[in-house]
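Naming follows writing order (A, B, C and D), and every chain is counted from residue 1.
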Amino acid sequence: MFVLVNLKTYPCDPIEVAEAVRDVNESTDARVAVAPQATNIAQVAETGAETWAQHVDPIDYGSNTGHTLAETVADAGAVGTLINHSEQRLKLADIDGTVQAAERADLETVVCANNPAQIGAAAALGPDAVAVEPPELIGTGTPVSQADPDVVEDAVNAARNVDSDVSVLCGAGISTGDDVVAAGDLGAEGVLLASGVAKADDPTAALEDLVEPL
Amino acid sequence: MFVLVNLKTYPCDPIEVAEAVRDVNESTDARVAVAPQATNIAQVAETGAETWAQHVDPIDYGSNTGHTLAETVADAGAVGTLINHSEQRLKLADIDGTVQAAERADLETVVCANNPAQIGAAAALGPDAVAVEPPELIGTGTPVSQADPDVVEDAVNAARNVDSDVSVLCGAGISTGDDVVAAGDLGAEGVLLASGVAKADDPTAALEDLVEPL
Amino acid sequence: MFVLVNLKTYPCDPIEVAEAVRDVNESTDARVAVAPQATNIAQVAETGAETWAQHVDPIDYGSNTGHTLAETVADAGAVGTLINHSEQRLKLADIDGTVQAAERADLETVVCANNPAQIGAAAALGPDAVAVEPPELIGTGTPVSQADPDVVEDAVNAARNVDSDVSVLCGAGISTGDDVVAAGDLGAEGVLLASGVAKADDPTAALEDLVEPL
Amino acid sequence: MFVLVNLKTYPCDPIEVAEAVRDVNESTDARVAVAPQATNIAQVAETGAETWAQHVDPIDYGSNTGHTLAETVADAGAVGTLINHSEQRLKLADIDGTVQAAERADLETVVCANNPAQIGAAAALGPDAVAVEPPELIGTGTPVSQADPDVVEDAVNAARNVDSDVSVLCGAGISTGDDVVAAGDLGAEGVLLASGVAKADDPTAALEDLVEPL
């Protein structure tokens, strides 16, 4: 299982979480990574934790003030990027352009979407993975793998129908190891996490709990 | 073949074009329709021409100032709507929401996209049809069916791979009957037109030329 | 006082409200107008009610699929337009472009904004009027003229500081004649209304109540 | 004069330009600063150059994936931020929210705009400075201070009319010291630069040329 910890703009110490991610990653068969704010990518990557961007723009080098260039986050140490997170919804044409921009910079890609139909659409754009996150469950502490197991299975089927090479992750409300196991049982190859780890008093303990049953 | 004439915000007389659409539709096996501005839908529909909206919003009845409600354009006489035209690009989640809003109001749906990958994505959302329009050819007079035949065939295959019930149209630069025939030979079930008819001195003659070889 | 009834995409009969607006306008010193959806402008204007658009786009004639052209709504009978309503927030550059587009088509302009600072900004773009609507009060039934009188007075001062020719309206939660009188006492030259009239069982009675104390 | 070098997403070495900015700043009466991509702010700030963000979002700490938080760029060493650059146009309400977010993090603010009317609007939001950049001159090498001197003077007057405490900068096409002097003569207190320095073979020489006549 792939466990990606999204730090959003939470008031956490990105280095502390990154070190927890790095340490837990080394002690488990799961693959654990962290997605800090763009401004923090370089220092987070220096910890040795697998580092992702939360977003990159569908652009190339050039006149793009205030944009996030795939090559720049890759140079800073990111190895992948989230795309179209529910807090950063993109136009269809821009998701396509961002997948291409990320691939150009050798960034792994996870395109997020709300529901199985949109997951099928995301899979058609050829990313490495898609992630289904029902918006109504984000930040609730109610795990998608329990509250809405059908949405995970339907998302797996929707992606498989379009392109069987695209992995499916799921997110929203996941905070325990049982949630992660349940996600895997539904066909997901990974999970997106955020507040459960980023806001934990002890991120290492929170992550160890998450990967313990894997 | 389905021939949809998009009037955009061209300085044409929508009634004159609508009457041409109505008359030519009655004299050919092709299905010919017109998409005026939202403000003109009611009067265009009164001509008896098949009338489409150029866009509707992913909303329901409620507090939505300045938005276009599917039910309202349907009540005014529209029977279908374009979605995600290259001049009105939408977020993926909003294309999904708009397809659902249009279906709720019994509007037929055509989701536009730039290229075969995005066509596959659009097809995954379950519209009645998708339309591939390479942005670089729009308004050029160089027909996509001649300038870039691969993009049409690839779009047909991309849609078929995702959902074989979704029809594929194509657009950009189409202005003659030969262009329409070529589009059909590539697997398209219809074409989107705009300036070739909307800006013609004689819209009826322009439409007759278009459907003559069908 | 200017009383503008915004029908949003409410499930009301726009003709019934328009006739109420027309009739009450004739029986009072207040100026009463109605802003239906773009699709309904022509039929609403035919009632003889003063008709406004809810939004127009910062465009000219041309290739603009799914957009609302100022000239088209003017030709359909609109005499003014709301701009930048809180349910249709625009980029600063597009508010500027929309004010210019509306003036080109001889539409009167009311630029909406959230607070006094933004009202000053809106006034700097040279519209005929600005309208302050605290988002947190919209649709509440709690009138801005009572819940937050300072915001109305501060908006009047902010607009006057920038351009004393720009009128100031206010909106949000206004549903009684006393609310309108209170708005006028705070320096507003008009009010924006929506659900209080559009959703009333008897729009004429609701409007008569509103203008009775004027 | 304030000289702000915007690195956009140019394929330049941000450290090399930052060191040039730092060195030239120390050898002149002008104030010289650099705005790298968000990902590069920390390492650029470590050079000792005055460092700005190209953009921050109108948000606070919280669930904002892929956004740029004012506090985070400040913690990384930025002392100011551009807002509403023509390549990153914002809604009026978001410019207001961004100015407030930047002030909360003690970032100096420069709000960009296209023309004098929008400059007046930007000044009404209370930033430290505004910057007028006619979009048609950006990247042309034709300096605004020569091609369109009226737009600079009119912008100075528009800002002064609204709030005399707001400084006015100008940009677009500025590449020589004479351009900077001309801008100052028109009332501007600074200039925005980009390709003239960021793409120069020798950024230090380019900057020295710029500040030499000051």
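Following the convention adopted for this analysis, a contact is a pair of C-beta atoms (placed from the backbone, for glycine too) under 8 Å apart; a residue touches a chain by one contact, two chains touch by 3 or more.
This is a predicted model, so every value here is computed, not measured.
Any chain bridging subunit B and subunit C, meaning touching each of them, is missing here; the list is empty. Remark: among chain pairs C-D and A-D, A-D carries the greater number of C-beta contacts.
Taken over every residue number at the interface, the positions common to subunit A and subunit B amount to over half, indicating a same-residue contact.
Subunit B and subunit D have Cα centroids lying 43 Å from one another. Rounded to a whole number, the gap between the C-alpha centres of subunit C and subunit D is 36 angstrom. Chain geometry summary: the mean Cα position of subunit A and that of subunit D are 33 Å apart. For subunit A, residues touching at least two other chains, in rising order: 86. Interchain contacts close the chains into one ring where each touches exactly two others, per the touch definition above. Touching pairs of chains, sorted by label, consist of A-B, A-D, B-C, C-D.
Interface residues of subunit A, counted against subunit B in their complex, comprise 84, 86, 89-96, 113-115, 117-118, 120-126, 158, 161-162.
Note for the complex: subunit D touches subunit A at residues 6, 8-11, 37-43, 53-55, 59-69, 72-73, 76, 82, 85-88, 138-139, 194-195.
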